[in-house]
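Beneath this line is the structure, given in structure tokens, with notes to follow.
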Amino acid sequence: MKKYTYTVSKDTRSGFGAGLLEAGRQDENVVALCADLIGSLKMNDFIDAFPDRFFQIGIAEANMMGIAAGLTIGGKIPFTGTFANFSTGRVYDQIRQSIAYSDKNVKIAASHAGLTLGEDGATHQILEDIGLMKMLPGMTVINPCDYNQTKAATIAVAKHRGPVYLRFGRPVVPIFTAEDQVFEIGKAVMLNEGKDVTIIATGHLVWEAIQAGERLEALGIDAEIINIHTIKPLDDEAILRSVQKTRCVVTAEEHNRIGGLGDSVAQLLSKTLPAPQEYVAVDDSFGESGTPAQLMDKYGLNASAIVDAVQKVITRKM
Amino acid sequence: MLSFYRITRNRQDYYNMKNSILNNYSIHNLETIATQIRRDIVRMVHACQSGHPGGSLGCTELFVALYFEVMNRKEGFDMGGMHEDLFFLSNGHISPVFYSTLARVGYFPAEELATFRQMNSRLQGHPTTHEGLPGIRIASGSLGQGLSVAIGAAQAKRLHGDKHLVFVLMGDGELQEGQIWEAALYAPHNKIDNLIAIVDYNGAQIDGSTEQVLSLGNLYAKWHAFGWDVLEIKNGNDMISVVDGLREATSRSRRQKPVVVLLHSEMGNGVDFMMGTHKWHGAAPNDEQLAAALAQNAETLGDY
Amino acid sequence: MKKYTYTVSKDTRSGFGAGLLEAGRQDENVVALCADLIGSLKMNDFIDAFPDRFFQIGIAEANMMGIAAGLTIGGKIPFTGTFANFSTGRVYDQIRQSIAYSDKNVKIAASHAGLTLGEDGATHQILEDIGLMKMLPGMTVINPCDYNQTKAATIAVAKHRGPVYLRFGRPVVPIFTAEDQVFEIGKAVMLNEGKDVTIIATGHLVWEAIQAGERLEALGIDAEIINIHTIKPLDDEAILRSVQKTRCVVTAEEHNRIGGLGDSVAQLLSKTLPAPQEYVAVDDSFGESGTPAQLMDKYGLNASAIVDAVQKVITRKM
Amino acid sequence: MLSFYRITRNRQDYYNMKNSILNNYSIHNLETIATQIRRDIVRMVHACQSGHPGGSLGCTELFVALYFEVMNRKEGFDMGGMHEDLFFLSNGHISPVFYSTLARVGYFPAEELATFRQMNSRLQGHPTTHEGLPGIRIASGSLGQGLSVAIGAAQAKRLHGDKHLVFVLMGDGELQEGQIWEAALYAPHNKIDNLIAIVDYNGAQIDGSTEQVLSLGNLYAKWHAFGWDVLEIKNGNDMISVVDGLREATSRSRRQKPVVVLLHSEMGNGVDFMMGTHKWHGAAPNDEQLAAALAQNAETLGDY
């Protein structure tokens, strides 16, 4: 198992904040919008640097999406900012018509995705946002794994032409990817080559997958670990190549097991290479209040859950 | 790029010439265009036996006045639309009048109107950018979204130092959508004064009169209370009133406030049996009804 | 192949209208709400019979969902009515918080689902609604296949305790199920027993599946055909029993291939019984204007598409 | 079932006794409860180091007045809530004041307040029915939804011939959500006059003052233009004003119009260093700050 280490932990949303500032420096067309959550979205540095390129929308997410769509018509590259719930479910029809179907170059930046925003509870913890956004034709869906990757993704997304959903979170998590990484949209990152099982993880679950990989190694299981930061378009090739070798797969995501990364992988495999799959995901329930760590435990979103799933899926190999 | 496309004059001329013979002549020109557009509307809807003639007919004067007279437009079409006035249709179901106007003003051949609502057409049931039809900058159809989009476009113009205006049309029933009021709150706070919102105040929606379905109450008071400069066009199917009203609206722009125009129009206007009812909101005429409708609207620019 | 015949065709939304009237007769707590689309939802008979139990909401779908949730608190059983798009994506967050998470007994009745509303085009054709609603914990998702089944489903849904999404359409389609059928939520209907392939279809695609079954028979292929009117909860048992026998499956739905019935089946199989699957569904695109028949053809949602998919999946059997 | 749960008197008594000594005495009782609730709020938020003290403190008088004085409530709790007044909290983030009030008025033991925002608690970060906490009839937290829900509940009461009232509280920042205005349009049209909506008009939201973030402008004029009977409580942190104002509001019900109360409150009221800023909208005090806050609010009913 390849070694991954870290010295610093940070929240991925801060990676977004840093990336937004950098993207703003690189392209004067980059603008930002926020629905009364500047601090949560870490937009302060951007606002300080480019006050005229920031739009405070107030608590009106639908209006924010429409304004963002309108701004693109003048060539701007708007990043909208609010919690993941209010970035997706709250404004699905607005994104659908004014952004996705209208093919507008809007970047939907969504913080507090998944369970790990913690104490606010279920009304603020969306576990369906990947599913919501991946059903929209033409939408790119990205869920980076740490601060550095989120920063790199933000910069890449600003350069990409087309609507993007960029999902990140609130808790501090280890920074283990390179500061100078090039973020390639749609390209899976091979974290560890292995032969016994393919673990495909996204977002905060990537670090858990690495931890799981180490424990599995100790158990004599050689896991291939893929960081699939882009859920749509899915890197079919990378996944198929791996599963062809391992013949079984575990997907891991901070999301409902219905509609997320797991289902994207299941669809791909069912159409090409049927293989046993286990889902590490929330089992079709709402979240609740608690610390991020408690919730990850209770809802089975951690290294142990991945280890268990691997052990199970391996026995199911055909 | 800044060569304007219009029939007679620029804004200043208009005010100099108000009530002159030339003005009446020019108004007549616009009316001539309007009867042709009414023909186009009923023919389009009849051909595919679907679509929305009522609101379209009621907004004919508005579209003609905007596109042939009031808006400063560039020749040709590019999505960005910098250095020209822009128009957004929020109540996308009245696409027939939008498409006919766009065709008649030169964005695409009038013949293409024959493809309305047919498979593979650029003239989808509701306007879309998806098929690349010149003149369309956003999809609409799901109601309530256009004012926000127009605000965004107006703010983009500001960022670019472009002094042109953004127009947007909404239905009155559409105002029941909350997103409109989110946008209505935002624009005055941000002093968006290069924006002219227009409400097709025809008092009707699908299930009946707005009064019955969900009354808008004192609509003037509502927009006023939200901080807009409100203007009414009392006869939205009289070309002089519409042109005058729109001129007045544009003259009130750039005063630190967004402007909204309540356009009192009549659903189905110009086709007698479609007037005075909400029934033609989204119904197509049969052959006989088509003939009757056409008989009331002279062919002036040539049917497609 | 079992024979299915019909004499009359009708739109499924009319089945809803008839069912709503009947449900209203059976239980005085049944009330109806509509967002300025009474005629489209076929609510007129209910309104005539029970004018005091009808609420005209106007064009304000979010408000409608909230009011419906509030009505349940007083013990009412509200049916909300608007197009499928405005029943789901437009109000996802409202349904999520005020209905699903709050466990309110609201029935979301959605007409004009899928492509087949025809000429209005993509802004009115939602192909993601099944996916949207099935991601909500506790939501029941139903898509009946003809007039009789929609009527029966409506009556059953009124009696069921809990939030339900009931999806139906605008075009006239053959009535081939029994007038006096008992609608069992969550129970798949076996239309034809066969051994070579399992066809799982929902909604308007069920009739197409039957047509396909006849053509397949002529080609010497013995298809098992299941009408899966309830997508959530999925009848896992019926599906597994069938696929255990046939070892391959075709799913057919008027929906994006992402997030719909196909993905529900793929998840089930990937976790228990990996098998080749082909999707008959819209290939991740928006719809467009056209007649229903033209659109079903162009987007590959008909008997021929099912036949093709079956021929393909059979060659993939493991 | 109709045995009411209140401290001193019914509505009519109150008006007979206005300005009497008994009245002052009773007001004092309510104030006593309020200081305890303020203690509960800061202790709850401190314990889990998260949650929203600012809006909670500002609405303490309102909650006490409603639950201990104004609302006609049954003993016990059932979800249906027929034959009693109902309350909905739309701005769910001020759950601390809601939970404390519900506990102090008897819906569940005050000790349970110690579980606020902890895993497996019935006292979730935002109110929910999901864990079966008595007193909660709808989940909230995602803003903008509560007025619609309250309207539905009010209409259900009507259908059942139940003459009781429905109260709902919204934040002022929350009014930026369009759904509120959808509901605001609906209620007067349908003459929902068993509904009293209250706006926590504290002028603050997360990113600053509402004035800066997105001004509500003339809020009185907006509600008035939407057809509501509008009433202001000028000092929302003075118990007499709040009780009087709510009495006045209830007396205006059943007049064919919904009533809205603009409650001028102060975010953070009762804890000096939390006042005059939006910074305590959603921040928790540290140990020292907790001590300072508690020193300003006497323990009256006993800390949990």
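Read from first to last, the chains carry the letters A, B, C and D; within each, the first residue is number 1.
To be clear about the criterion, a contact is a pair of C-beta atoms (placed from the backbone, for glycine too) under 8 Å apart; a residue touches a chain by one contact, two chains touch by 3 or more.
Quick caveat: nothing in here was measured; it's all calculated off a predicted structure.
Novice: Can you list every chain that touches subunit B and also touches subunit C?
Specialist: Touching subunit B and subunit C alike, sorted by label: A, D.
Novice: Please name the chain that ends up farthest from subunit C once chain centres are defined by their CA atoms averaged.
Specialist: When every chain centre is compared against subunit C, the largest gap points to D.
Novice: Identify the chain pair with more contacting C-beta pairs: A-D or C-D.
Specialist: More C-beta contacts join the chains of C-D.
Novice: Using Cα averages as centroids, what's the distance between subunit A and subunit D in whole Å?
Specialist: 37
Novice: Approximately how many whole Å separate the CA-defined centres of subunit B and subunit D?
Specialist: Averaging C-alpha atoms per chain gives centres 45 Å apart.
Novice: Based only on mean CA positions, could you tell me how far subunit A sits from subunit B in angstrom?
Specialist: For subunit A versus subunit B, the centre distance works out to 41 Å.
Novice: Listing for subunit B: what residues touch at least two other chains?
Specialist: Only 128, 130, 139-142, 144, 176-179, 182, 185-186, 189, 214 qualify.
Novice: Which positions in subunit A touch two or more other chains at once?
Specialist: Residues 57-58, 60, 62-63, 85-86, 90, 93, 96-97, 101, 122-123, 286.
Novice: What part of subunit B is in contact with subunit C in the complex they form?
Specialist: That would be residues 48, 50-51, 92, 117-121, 124-126, 128, 130-131, 139-144, 173-174, 176-178, 205-207, 212-214 of subunit B.
Novice: Please give the residue numbers of subunit A that touch subunit B in the complex, ascending.
Specialist: 31, 52-53, 55, 57-58, 60, 62-76, 78, 93-94, 96-98, 101-104
Novice: Where on subunit D does subunit B make contact in their complex?
Specialist: Counting only subunit D, the residues touching subunit B are 144, 176-182, 185-186, 188-189, 214-218, 221-222, 224-227.
Novice: Okay, in this complex, where on subunit C does subunit B touch?
Specialist: Residue positions touching the partner: 34, 36-40, 56-60, 62-63, 85-86, 90, 118-124, 286, 288-291, 294-295, 298.
Novice: Tell me, which parts of subunit B touch subunit A in their complex?
Specialist: Contacts found on subunit B: 79-82, 86, 128-130, 137-142, 144-157, 159-160, 162, 178-179, 182-183, 185-186, 189-190.
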